[in-house]
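Each of the next two complexes has chain A plus one other chain: chain B in the first, chain C in the second.
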Partner chain A sequence: MLKRVVIASFATLTLAACGEPEPVVKGAAPMLRLHTEAQYRNAIADVFGTQVVVGGSFDPLIRTNGLLTVGSAAGAITPAGLEQYDRRARTIAAQVVSEVNRDVLIPCTPADAKRADAACAAEFFSRVGKFLYRRPLTDLELKTPVTVAGEIAATTGSFYSGISAGLSGMLVSPAFLFAIETTETDSGGKPRLDAYSKASRLSFLLWNSGPDEPLMAAAESGAIHTDKAVAAQVDRMLTSPKVEAGLRAFFNDMLAFDEFAKIEKDSIIYPSFSLAVAEDSREQTLRTILDVVFTNNGDYRDIFTTRKTFMSGPLGRIYRIPVDRPDGGWMPYEFPENDPRAGLLTHVSFAALYSHPGRSSPTIRGRAIRESLLCQRVPDPPGDVDFSLFNDPNSPNKTARDRLTAHSVEPACAGCHKLTDPVGLAMEQIDGAGQYRTEESGVTIDPSGDLDGVAYTDAKGLGVAMSRNPAVPACVVNRLYSYATNKAPERDERDFMAYLEKDFADNGYRLTRLLRTIATSNALFTVTPAPQQTAAVTN
Partner chain B sequence: MLDLNQRSKSLSNWWTAGTMAAAVALLAASPAQAKTLGFVLTIWNIAQVETKFIDECPEGFNIGYDELWWRGLSKDDRAKYTDNGLRTRLDRYFNAIRRGPNKEDVCMNPTAVAAPPHLLVEGKQSYGLNLDGDTEGKAGANSCAHENFEGVDGTKGVDNQMYRLLGCVYGFRSYGQFEVNANENRKSNGNGMTLFEITNVDDVKNDPDVTVNIYRAIDPYTLDGAGQFTPWASYRIDAPDGKPRYKTTLKGRIENGVVLTEAGDSNVPFYGNYTYMNQLIRDMRVRLEISDDGASAKGMLAGYYDVDQLLFYVTGLGPIQSTAISDCPAIHNAAYKVADGYPDPNTGKCTSLSSAFNFKAVAAFIVHPKKEVESASAGK
Partner chain C sequence: MTFHIRRAPPRRSVLRGAVNGIAVGFTLPFLDCFLTDNGTAEAATGRPLPVRFGTWYWGLGHTPNHAVKTKNQTGEGIEFLTECEPLKKHMHRLNHYSGFNMPLDGRSNYTHFTGWVASRTGSAPGSNFEIPAPTIDLLIADQIGTRQRFLTIDASSCGIARENYSARSTNNRAAAEISPLNLYARLFGAEFVDPNMADFKPDPQVLVRKSVLTAFNDQSKALATKIGSADKARLDEYFTSIRQIEQQLDLQMQQPEPNMACSVPASPAPDGAEQNMPMGLEVETVVTNHKIMSKMLAMAVACNQTNVVNMVFSDNFSHMRRPGQTYTHHLLTHEETWDKDLGYQPVAFWFNCRTMQALATYIETFDAIKEGNGTLLDNMLIYAVTETNYARVHSIDGVPAYTIGTAGGRLKTGMHVVGNGDPITRIGLTLMQTMGLSLDKWGTKSLQTSKPISEILV
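Showing the complex of A and B:
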């Protein structure tokens, strides 16, 4: 298990941050964004426990500025999606009131289980509603489910059926499905996020879930409007096991690992690749990253060079490494010093996800590196690309490098391929399923190249070049701030981004430090007013 | 010590799996540069020469228990017990198998009925080895007189009385229900997993001195999406408290890429047709041919197979016999007649059958217990 050994140093680090004043940002309008699937699941687990199963599929979100979380600000619920939410809500509610769970999850016992009990219903709905909506319920918001519960109980002769109906309604309420921020004015007449909106920003950034009881209390008392209280809450929250889930969610989003849900491999070409391999490869990389940046509080850039990782049974077949628990579970593993693998670019996850079903793709891999890890924009290919050269099994061009060289002589293609292919070709010794190879079609693969002038001889070398590239830490700063604010940084935030980058560098590229700096910054909570939206939501 | 670095040079080298297996095994005593190869057995069949028109069985296949039972019924009983012929062989199994004079199950009591005739293989060729060193079929110090086969490669004096006994029983053919079912059982439930570990390998093509260890694994096969065996998976040795439950060690050599062992009494784990066995195979020799890419292997092992052990298996086959077409008393009676090895010192009658088995395997990492304790020696 990952050990949490990093938090004790936060108080000391806080002092170091005081060296330079934080640049002021203009801020943006308060958010209204659809919760991601993970956030929905976390909310249900937080309120009702993991024994309540959340089924069904969620509508996809649009990745924006490299993150689904940013895209969620433009997320909408389609009619079909609403049906799914409704069905899911009914299933969850039925589990909550089931005979197995009701005594634990419902804090009171009705006087008569065959009749309505408004007092017990109100106690239940006010308690769970506060955490589902991430703020206390208004009178109307409480009255509605209590009324529904009463009517259904009268009709069905079951108090618990009534509770189930009322809870189902809450679970399809916009107040639950969306993060809806509201603003107020401070004592100086300036707009600010209200206390509960602030609490939610913190909890979703650090935990990818809603606020807990102490954070809600800080919001309820208004203490959260002081820097000291925010810092105290952040430091408390950073010691929670939920931070690991928060960081995991961030990297899952940043690396577009949600795409694993759609990964497909040709079983004839890659018989060893299975669903278990896909799932474990994703988990391996996330574990490796968390081991570097969280458990060991190491330099973020080390994720590109670390030989330390974790291995499972299914992955052992791909890496050709023996594992001591082939029936399940993970074991720490360190690639030998002169092994061709080190760092996440050599992991099965990255290689397999960014490939075609039946072959590798230097272009897709190169684009992923440029866009996800260096925050550079690579234009989409034109619609009339001729792929026949790639798909011809009798092509005289045996290796991907040969084929791409022939292809990129087209002026319309050359520009982008010059950006993607050199880095992507570095990974050619790892095939489309993540297996190591030295030859393609009987010809020795040449994985050498250079990244922005830094030469390398293989994917491992590319990892070293990445770790030394200034765009790499700048990119994770950009992404983490975007993740925190659910928007791409604006022009007026350049100074603040530079401030974060410097703070990140000055503190050894410790990601937990960056997380704390963002979480305790004024920039995270700075907003411009949006009074009309606020009014609409309240009602 | 172990050459882990070789992996980076070429994973296509076929000894890689073994190298890594040795890493797990922590073979501290291994000589410098020695490598280890690992394989998990996937397909196991009684080695049989099966011609297209069954020439080796000129009178056809043996009839099974169901037909023998049916022949003994009156016309009225045939109608009664077969529901006028509408009951399947499987459905009437529990009637048919009790054809003893007192309704005995004739598999449990094979001597309860007069031994029915049993057709033996009459073909001249067989897989296997010349186990007794004799080419004329004469009795020796450790064998009874029997007719020899000629090997499929022309070898004289090949001994394979198990083939002679079972080659004309439909269920024991490579496509018969017993054989197919046994392999499918193992594939689906992972019981009776057999591991071959070749250690002390200095040269994978020619090495005069290697060691072959046979273990049972506790992990089931890893299969690909098409249900095929996947190479390079890890398998833990069945070793409660660090002591391998099954372990056989044979000295061997590698000639032109083929592993050949010396003879030794061996314990080979087996599971099939719902029966576990610790197969004792005396004077067992193994031939293992590894593919060029090292991902798979095929081989043959031959030795003397205890008759009682075989009959334990045959009599426990149960309702599978309904589709495999066999009869316990017939095999029981014939088995002792054709036994050719290990004569009983008191009776002089042989107690073992010369035998040969073909098998296939895929490369595997063999994971030893962290603290391995010396296991009981083989041959018990």
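Showing the complex of A and C:
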């Protein structure tokens, strides 16, 4: 309820605060975008419920402009990947028609379960098809599963086998696996996204999932082409619990938390670290971020300084904090004021994910901070590095700072390491598993440094420096707009990005405000037609 | 153009009919499209045996001067040193390649990436993620693998699914199978048809699947008219994938070609032990999973499930580690103290030795399966290549490579082939021509070559 109140009053404020006109952008061609694994899972959960299990693996996507979601715009389906989609589709379809689920998930009962029933099949496929394809089915798209269901029912003697076959076909159709945007011309003869493509852009931005019934209705009526209707839909959608899932998906992508799938720690060096710790550390950070930016509608920059977080039993062992939750759940927790931890850079998640299996890595951590949180590009290491200083048996280097200082005298390395190491070294008091320490190899760790001229004494101080760095809010603006449009901002969008950054700053760096500004912008929906589509419209 | 293929029209026959009233069309069995020239025949059928292809990948190259003794010119005999000791007994089954370079025409050497991309695609990447052309295994699979249940099978023992060095393009790269259990289920699970079974009966469910895919495929083609040309190419890739699955299903409707070499392996985990099968980068876990997966890949070939198998032992950065050690294999190559007396970094060297033991295991696994008058390895050609020559300094010139097997008697073995600075694509071109591809050159820019390695051809 609190969230709804916050969002609603915020929406009112937004409408009242209309100021500068929105800069015009050129737009890009409509896209064919492969749904991410999370979007696929959300679609199945939305249509059939979370009791339907989605298994198997998905082909990897290329992280582009810091986001897998942007990479998904170039995603393709390999034969091995399609094999997985096909197997997954059959498994899902079998669950939907199972005796346990059919009465709930199929809206009609066949006259005879041993025979085909075209009317019932059509009712089912038209209903689920609309949400799977995120638009009404064409006649052919409805006829195909109904025909398949009829033929299979006739040969197998089971209406439900037919439904299962037809549904599995829909679930491997490109209309389901890809978001396929199409354009039309508006009354002024200009290209625009069609209503359903527009609805999908909104819902994937806000919910990381397909449109719901009211949004579909706004598309069906054409109301979605008015600014007023878009604003109304956005405000409605921002009060939905699905927004939390949408924001989670965004931060999961921005922080590259998909990498948790392959995190590995040495059990001898870090006996307290476990799979449960890895999973809970990711969840802790996402909960903390959402608590700041969503539940409390606070300043985005506070995620780097907040002492408030959440704690679970497995995490308590790493943080060395007693967690009295026999149910295995979460409890709110606030680090004491004098605690060396505050903000996401001191969380187990960030420290452990950006480390080696058996040791920390200031360079990897520094690169993650620069690239994921400041949107700065760190060049790839050169191919001809001289590591002789490292290989010197008489080296006195005992700490990471010693080693990296030695490394930085190599001219080919110095440029990049100056970017990564000072910020990465600030986190050295947190080891590769996220545990606090003060020494390495018997030598006291020096976590001090400076970020773009702002000095700090430790990771907590780095968090403060981050919260004051103008690149931090600019980065989240860049990433959220990329996430919304599935592409990196173009040169012609600089003014629009500046407009977003100013709006974000003027409104206290409220992320929900930024989300709303993007969702209600003309820029989100501006497109240029694909060449062939221009021809089609002209004809 | 990266390559030129002159391919004969597909010789496929189509059987049309109906099962349980459902219309169907599927290809007739045809497995003799690529058979050995040396007269090796399957005892049960008298038919010549097909030649199959594979790749084997390991990360971080060799330790210079401690793996294979340098030679100045191509010739018989390979002098394996300590790191490659496990390969000594297999010298007559393989060739070693040294001195082949990767000219980049001014492009960067993207560390641990450029090397594998250039050797497998014939082109240097323009970024640290670009895959500018299809990898060699897929070019060969398109020639010899389309009549098998799987075009290729890609497995990785290092637990990282995306570290699969087989791809059509940057964005068309499948995940590798990293779980022995999943690999087993995919190969030998419910959909597997034993080629030696006496009473084959087509599974009606297979026909149902084919019917569904075909119906939806026809319907989906209308979508192609709604999108731009750039996206159409990706939709075409989808339709290509659909066709490959349809072909798989066609094959499952037929009596598989018998092969007495096929012996269906047992599940890698006994009942109830699934949760106890570790995966990950701890080196002994990698070695164990590699051994299990190698057996499955070899038997997948012997059981006519695929003609092309790709195995990744360790990833291109080799994140393998030993329990209790803070340094991974990769970190060791850069940061481990250089032992002046030994002349190398001892622990990094240990990892390299362990890797070559794994390669020997892979060879032995294929060589242990009797096929025709010899072994499965006689009818294989496996390309084993890494991404660096000397990982400590990321050098990519002189990247070591091996070919294993004679491709049914077409290649000489026991040779040390010296490149003298020629592009590494000469190896790939030779392999593709050996596998029957009618191409006269391969690669782009300075990596392009039209010179196969004639010294190893029979």
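Heads up, the rule we're going with is that the second predicted complex is superposed on the first by the 509 of 539 C-alpha atoms of A that agree within 3 Å, B and C clash if a C-alpha of one lies under 4 Å from a C-alpha of the other, contacts with A are read in each partner's own complex, and residues count from 1 in each chain.
We adopt the following convention: a contact is a pair of C-beta atoms (placed from the backbone, for glycine too) under 8 Å apart; a residue touches a chain by one contact, two chains touch by 3 or more.
If you're wondering where the values come from, they're calculated on a predicted model, not measured in any experiment.
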Putting chain B and chain C on the same copy of chain A, do they fit or clash? fit
With both complexes superposed on chain A, which partner does A:Ser267 reach: first (chain B), second (chain C), both or neither? both
Does chain A have more residues touched by chain B or by chain C? C
Touching A:Asp384, do we find chain B (first), chain C (second), both, or neither? second
If you stack the two complexes on chain A, which partner ends up touching A:Pro340: first (chain B), second (chain C), both, or neither? first
Please work out whether A:Ser187 is in contact with chain B alone, chain C alone, both, or neither, and reply first, second, both or neither. neither
Is A:Asp327 touching the first partner chain B, the second partner chain C, both, or neither of them? first
With the two complexes superposed on chain A, say which partner A:Arg437 touches: chain B (first), chain C (second), both, or neither. first
Which holds for A:Met31: it touches chain B only (first), chain C only (second), both, or neither? second
Overlay on A puts the nearest Cα atoms of chain B and chain C apart, in Å, by 11
Which residues of chain A are in contact with chain B in one complex and with chain C in the other? 267-268
What does chain B use to touch chain A in their complex? 4-5, 7-8, 10-12, 16-17, 20-21, 23-24, 219, 222, 224-226, 228, 230-236, 365-367
Under the stated contact criterion, what part of chain C meets chain A in this complex? 20-22, 108-111, 114, 128-129, 151-152, 154, 159-162, 168-175, 182, 186, 204, 208-209, 211-213, 215-216, 218-220, 222-223, 225-231, 234-235, 237-238, 240-242, 244-245, 248, 280-282, 319, 321, 323-328, 331, 334-340, 345, 392-396
Could you list, by residue number, the parts of chain A that touch chain C in their complex? 29-32, 57-62, 71, 74-83, 86, 90, 138, 140-141, 144-145, 147-148, 151-152, 154-156, 165-166, 168-170, 172-175, 177-178, 180, 182, 262, 264, 266-269, 356-359, 380-388, 390-393, 395, 403, 530-533, 536
Can you check the complex and tell me which residues of chain A touch chain B? 267-268, 271-272, 274, 313-314, 316-317, 320-324, 326-327, 336, 338-340, 435-439
